[in-house]
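A, B, C and D are the chain letters, set down in written order, and residue numbers restart from 1 in every chain.
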């Protein structure tokens, strides 16, 4: 079976490589060809456009940065929608809004295509090691059709329900990551201000009932002053909080803490932490702690 | 060794019973004698006042509801401070402010006494099963002097540092519990508004990287509409957020999310949820979700 | 000069009537013809569509509820854009996003038309009494071309700058109205909880340095328990706070208080206050004040 | 009539000078004698302690920086409470908590003294020009006894009600000042980000319905980058928001926006704005606005 893959960034390139390792023939497209070279050198075929790619493949994956990029690849001038044979399957792994994902499903159906939204959790490492989690929204029969492929790239496949449900789950997950990171940072900074050591706080809290498991993976980074490339840039996390907040508005839900988190991350961005890992919110809150007393 | 125990509420009565099971002789005092009866029937001795109790014992535990109660027992008219023999050890297990705990330490020292602050985490169940965690602030030598006694009541003893550090840890822990519960509730309500089922959300989130372990223990309660007696009343949790917020003010720390959580719990209290378990914040945020559309 | 007017709701019908009183010939269109009857009975001419209207007039006003309605009237199937003679002037008085207003300006220019965005402040009363304030964004020469018409409907015309600036001003104004109303409500409720009477608080605060002038117009309404039809429904105000929050995200601005206000109005909506005047946020915050004490 | 005046800071020295101009004989006390010299050179008499002062006078004013200073002057070692003749009147003009003011009233009564709490609004200028506003809590008969004296120092005397009501009013006023300043700053920064000029925003908003009158007095300061000594230091304003938030907790009131404002001012303090005028919150929110785009 010939597989198409559009979007070869940090995540997509590693996911496609795992499909290749699984013995599948790939046809790939990316805005810049350069990122496709490692795949091409191992036998993948280059397509000059999404449209050209669609004519060659039976199943098509997209892994793009935002809804606008997905829309361009699907219905842009050289988009694949009008060139992909009816009855074939498009799997969108991009992180997009629930409403956008449903819109894509409808357009795909209008072209006689099948569609599932299957965003992932897990960053660079799990993408390389094929331990991503897929959150799938769409028909069970379509999921089954591509399950072995997803299993080449991930270690857990969760069928969440109908169209849009996969991206809805992912939205909730990222809302949790962002707010939990920020409330943990507040607690750490308070603890240190009360005279506890950072090390003792980490020792006591991590692994305990109130600390989400992912926080353990941030300890070393925080202790080293947030050096090195971000696992998940703070700027992206803030965007996800914004999207959750807009979805909350649309569905009449109150999210006072999530909105407060969105604003504190915004302040951290404007003070230069946007490209750091989102755990930099700790450093943002901890800085300048020794202000003059009120005397 | 004769042990004094003051404060026989839900927690204290169970903790004292475990000391008794450990073979220790108890002298007990409580505002109402009635609660002491089970202990007395198994050999404990009643004291008519904290002062009278202090004259009989070598080590003295307090487990009281708030700082005012501790202050009254220690330095009230019949307080124990002036009657407890110099060199002996007072272990305060009550949850109080860091600044108050340090004040008690100083008063104890001024009377020639030794002092450690040792608040616990874990509620009714762990108190009965002797699986509490003790968070100890004070000198290591004083902790060692009573370690076997703490081990009769708990399964983990953490020496946090000098005076006030144990209660500081506990303050951070409760700040985390309260804010994490609220941000999880916001995420659940958003997910349901986006069309996901409550069950699917629980299944996907609990046990995952973004969900603090204690949340699993709230699932059944939330699914049953928060019936039954509270494990930890929402009203108390809101008080702890308030105390954290005041400590943050005193130490010049910004806690925008913690303050936002404090206010949303306040709104839940004024709408009647104060005596429910603090996980009722989910029900508070979820209610009335189907408002008329803006059409 | 023949004037076109599209959108005859609460505001538009009164504005059009003032143009008519000023001696101008009107051609009108509204989704439901019924609302046009009073104007028709005084000589206005009915058009069957925006497109038909555009062919009859030299200047065209739109006063519609939201961007989608403006877009439909302008570029929908029977939209006026393609039928309005090049060189003529479209004045959009609707409250829309700055980015949408700029988009409309560009589309108008692409059709050879002139465009100004001129949203108003003032509600039903000022609309009837021709005392609205117009906040105009666009070229000065185009404003001058219609200034006498605006003066038939309002008492103050402010030229804010280029395209989009009028609606930007209005966005800031409504952000202020909403947040100021909410912080005033918080202060009132605190004052009453501290034992001050509502009347004494109003007497002391209104007219003083810290109270925005519009608050005086809410006193009677608040004292009477927010009876009667809303001057400005709380639901609309919350929408404006949402739009300001989205614009803030787009322009990288932090607005922690505005977001907090947005959420508290959301809670008030879900508890049934959406159709009341936005000053009902006072009643929302004041209710149930006598909760059981913490004992 | 001989008048005592304790506390000759920025405010107190100017208030006492106005009493002197009114022809009254003053006995004065201050922690440092130096600040009393101008008054002494015009005939005031120095007292070596609050206690010594109390023996000389018929009415006694205090104008001190915080509750602790008032408590020290009243009931410290050389405090005046035990030396002031029964039946005489103490007027406390200090800004203190409602609960503290009531406590002072009770102590005064216990010594047979009369007491009113009479904090002022207006800063250095109005203190010099005798245009302060007095917010009086206490018995009407006691207010009448000192009304002519208050009128020597202020232009408006408001009788708010019983003990504690004057300081309650002042608490609400400062809560309003602080939150209104912050929401106005948010609106200004959004407006500028949307392309409006600072000058145009000021012109349009000041004097309009949504802008509290005091904001006009901040315009020049904001336009000049918050140079010069503070009228009201941001740090003090944040303290007042904290006190309002604590009073709200005590009286079971929700103040989500006031708490959000408290936290944003805290962030401004830790970034170095604490000693600037509280209008510096604008500069804090406006800085670094041009962050890199999300690309």
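Note that in this section a contact is a pair of C-beta atoms (placed from the backbone, for glycine too) under 8 Å apart; a residue touches a chain by one contact, two chains touch by 3 or more.
Predicted model only: the values in this text are computed from it and were never measured.
Among the remaining chains, those touching chain A as well as chain B are C, D. Set against the Cα centre of chain B, the chain with the most distant centre is C. Between chain A and chain D the centroid-to-centroid distance comes to 52 Å (mean Cα coordinates, whole Å). The distance from the centre of chain C to the centre of chain D, each centre being the mean of the chain's C-alpha atoms, comes to 38 Å. Looking at chain C, residues 252-256, 260, 263-264, 267, 269-270, 289, 291 sit in touch with two or more other chains.
Within the complex formed with chain C, the residues of chain D that make contact are 98, 121, 135, 158, 160-162, 164-165, 168-169, 171-173, 175-177, 179-180, 182-184, 186-191, 193-197, 200-201, 204-205, 208-214, 244, 247-248, 251-258, 260-261, 263-264, 285, 289, 291.
For chain A in complex with chain D, the residues that touch the partner chain are 235, 239, 256, 260, 267, 269-272, 274, 287-289, 291-292, 294. Listing the residues of chain A that touch chain C in their complex gives 242, 245-246, 249, 252-256, 259-260, 262-264, 266-267, 269-270.
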